[in-house]
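Have a look at this one before I ask anything.
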Amino acid sequence: MTTAIEPAKKGLLAYLTAEVSHSPTQASLQRLYFGCRRFAENPLAMVGLGILVVLLLVAIFAPLIAPFPMNEQNLGRRLLPPSGDHFFGTDELGRDIFSRVVYGSRITLQITFLVAVIAAPVGLLVGTVSGYFGGWTDTILMRITDIFLSFPGLILALAFVAALGPGIRNAVIAIALTIWPPMARLARAETLTVRSSDYIAAIRAQGAPAWRIVVRHVMPMCLSSVIIRITLNMAGIILTAAALGFLGLGAQPPMPEWGAMLSTGRQYLLGSWFLAAAPGLAILVVSLGFNLFGDGLRDVLDPRDE
Amino acid sequence: MIEVENLVVRFGRGKAAITAVDNVSFTVQTGEAFGLVGESGCGKTTILRCLAGLNQEWEGIIRIDGKQLTPKRERSFYKLAQIVFQDPYGSLHPRFTVNGTLMEPIKIHGLDRADERIDRVLKQVGLGPAFRFRYPHQLSGGQRQRVAIARALILEPKLMLLDEPTSALDVSVQAEILNLLTDIRDSTGLTFLLVSHDLSVVSHMCDRLAVMNHGQIYEELTVDDLIARRYREAYTRQLFEASLGYDKRLTSAQVAKALDEAGA
Amino acid sequence: MIKPLLEVEDLNVTFRTPHRMVRAVRDISFTVGKEKVGIVGESGSGKSATGRAILKLTPGNGIVTAKRMQFEELDLANASEQEMLKVRGKRIGMILQDPKFSLDPVMRVGDQISEALPPGLDRKEARERVLEVLAAVHIRNPERVYNLYPHECSGGMGQRVMIAMMLVPEPKLLIADEPTSALDVTVRMQVLAILDDLVSRRGLGLMFISHDLNLVATFCDRVLIMYAGRIVEECKASELRQAKHPYTQGLLASLPRIGERRKKLATLVRDPAWAY
C-alpha cells in the first residue's frame, strides 16, 4: 500500500511548501510548518522539547509506568536504597519513590499549565490595554502591577496561600498572581513600540475602533514575547510550587508533589540521600527542559539576526 | 476637495513647545494632484497626518469635500480619504497576509462582496491572485507598496494622501509605482495630495505644489511655473537647483557660509 | 600613465546564509586614482559590499577573494588583520551614511576627533590640530563645536565632523558609502562642495558609493554602474547619457526629471542576461 501513502504524503508536503497559498488556512499552516522546521534545526531546543514530551507521556501513562501504587505504604521496607525493585529506593513510609515521582509529574504539569493559562492572558490584556491607551488607564494599571511586583514572588505566594488556605488549587492561584505582573510589563513595553508603527497608524486611518486595534493588531505582536517569557518562567513556577510544597502550603500529603517530597527528604538527607535526590533531579530536568524549549522558541518567534 | 485655513500644530508644552505647522492655509481642487514639498521637519507630514485623522491636536479649519472636520473623525470619513505611508517595510502588519490586510477595512465598514473587492483592487495595483495569501516578508518593497496602495483603494475614497510613497524604493521600482499611481488617477479621477522632498517626483506627478519650510508655506505655484523657473522665493530656487544635481561651480566657502547661516 | 591608488582585480564577496550562498560581488575589477569615482547601484547590487571588502570590514559570514587588491604598495588581498589596522582610518578613510550611528554618542566631538590623531601629541597640540581640521571643513565656530556631543549636531554638521575625523590622519583614499543620503537636499549639496574641495586640494582619491545616479553623475569624475554584483558600465561622468549598457539606459530613462513632461516613466525590463 506504499503507493497509496506516498502520493498522499507528497500531497501534504506539497501543500505546506507550495509557492502560492490559496487560502488563509494554507498560509497559516505554511507559516507553522516553516516555524517548526526552523525550531527543529536547533539541537538544544529539540532536547528541551524531548524532555517536555517525556514529561507529558510520563504524566499520561503514569499508571502504566509506575510499578507500585503511589501511596502504598510498606513499613517493613522503609528507606531502602535504589535497587532493581525500587529504582529510586523507598521513602520513610516504605512507598516506592520512583512511582511517586512518576505520579508527581501529573501534579507538576497541572500546576504549570494552569498557572500559564491564567497568568499569560491576564498579563497580556493588562499590558496591551495599558500601553495602547496610555494616560490614566496606563498609570492606574501600572501602579497596580507595581504593587504586585514589589513583593518577592515567594513571599507573595505564601501570603495568598496563607490567606486562602493550603492546597493545589490555591497554590496555582497564588503563583499565577505573582507571574502575571512581569507579563503585563512585557506586553506593555512591546505595545509601546508597536503603537507608533506605521501599520497601526494605517489601521487607525481606516477607521478601526480601539478595541479592534488592541485585540487584532497589537496583541498578536506581543503574544510571542509573552509566550517565550512564560516558558522561560516555567522553571520558576515549578520551583515556587516546590517551595510552597516544601513549606507544606501547596499540595498536601499524601500527594506526591515533588516539592513536598523534597521537604521530607531533607530530614533524611545524610542517611538516605535518594529521598531528596529523586524529586530534586526531576525538578532540575523539567526546569531545564522548559528553559531550552523557551530559548528555542525565542529563536523562532523573535529572530534577531535576520 | 481640501480647504485648509490657518492650521496650527504645536508639540510639547510651554517653553519646550515646537510649532510644527505655523498658520498654514491652502486649497486643493477636486481631481487635482497637489504636491507639498519641503525638507525634513518642515511640517508637510504633520499636515498630512492631520488631514488623515491620525493627528488630533491641531487648531484651525479643515474641510474635506465641503464638510468641516473635527479632530476626532466619524467612521464614514475614512471612506472619503485614505493614506499611503512612506515605508513599505513598516506599513503592513507582519502577521497579516495580504488578504487579511485587505479584509480589515471591509470588515470594519461592513462592506459586502469581499472577495470581489479584494480581487478587483489587487488587479488594479498589478498584483495577481497569487499574492493574496502571502505575508509581507514574502514580498519585495515594490510589491508591499502596491499592497499599501490597494489597501487605500479598497474603501473607494475620493482623496488619496501620499506620504513620500516612493522615497524608500529603488529607482526602477519607483518608476513602476509612480506609473501605477498615474494609472489610478487616470482611471478613477481621484484627488491626490502628495508629500515629498523630491521636486522631480512632485513635478512629474502633480499639477500644483506648495513649498514648505519651518512649518510655513513659502510659495505656491503650478508645476509649469516651476519648470519655467518662474518661482519667487530663494528657498524654492535652492530646492530646484539641488534637484538638478551637484553644481561644480559652487565654491566651498560660499557653501560654508550658507550652511552656518542655516544652522546646519 | 600615473599609477592608480587602488587596483582591484576579480573581487568576489560571497555570503554564507543557512540556506544558500549569496554572491554579492562577482569578479569585479576597477581602479581608483586621484579622482572621484562613483559606484552606483540599487539595493542588492553589491556596491556597499565592495566598499567594505576593500577595508576587510565584511561581516563574519562573508568570504572575500580577489586576484589582486593593491593599495599603493600594499597587497590588501593578503594583508593580515595587523596590517589592516594600520590602513583602516589611517591610509584609507571611510565615511558612512548616518553620523548618528558612526559617532560615539557619549563622547564629545572634539575628543572623538583627537582619538584619530597619532599618539604622542600633548593636549595643547592635539586640541590645535582638531580645531584646525574642524576649520578645514568650514565649521565657523570650531571651539564651540569641539565641545558638542553628536546628538547636538545637525545632520550636516555631523557629517562634516565625520569628514574631519577621517581627514586627520591624512589618508590617501576615502571610501564614502552613501555619505549624503541621510541629509536634506540643500545641506547635501553644501557638504558635497566641502568634500569636493578637500579631495581636490589634498589630491585624494574618493570612492563614492551611492544609489543616486544623478548625484554621482554630477559630482564624480568617473562612474561605475553595478548590477547583481557585477560592473555593467564604466564611463566618464560627463558621458553618462551616452551609456551603452541597457541597464544604465533603463535606469536613466526611469528617473523623473523636472522639465520633462512625460506621462509615464520608462520602466526597467530586467534581462536575466545582465547578471552574467
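Residue numbering begins at 1 within each chain, and the chains themselves are lettered A, B and C in the order written.
As a working rule, a residue touches a chain if its C-beta (ideal position, glycine included) is under 8 Å from a C-beta of that chain, and two chains touch if they have at least 3 such contacts.
Owing to the predicted nature of the structure, the values given are computational and were not obtained by experimental measurement.
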item	value
Touch-based graph of the chains, sorted into line, ring, star, complete or other	line
Chains linked by the largest number of contacting C-beta pairs	B-C
Chain located farthest away, centre of chain C as origin (C-alpha)	A
Chain B and chain C, separation of their C-alpha mean positions in angstrom	31
Cα-centroid distance, chain A relative to chain B, in whole angstrom	47
Chain centre separation in whole Å, for chain C relative to chain A (CA means)	51
Chain B residues touching chain A - in the complex, by the definition given at the top	49, 52-54, 73, 75, 77-79, 82-83, 85-87, 90-95, 97, 99-100, 104-105, 108-109, 130, 132-135, 148, 151, 155
Residues of chain B that touch chain C when the two form their complex	39-40, 170-172, 174-176, 178-179, 182, 197, 199-201, 203-205, 226-227, 238-248, 250-256, 258-260, 262-264
Contacting residues of chain A [partner chain B, same complex]	19-24, 26-27, 31, 197-199, 201-209, 212, 216-217, 220-221
Residues of chain C defined as touching chain B within the complex	42-43, 138-140, 154-157, 184-194, 196-197, 211, 213-215, 217-219, 250-251, 254-259, 261-268
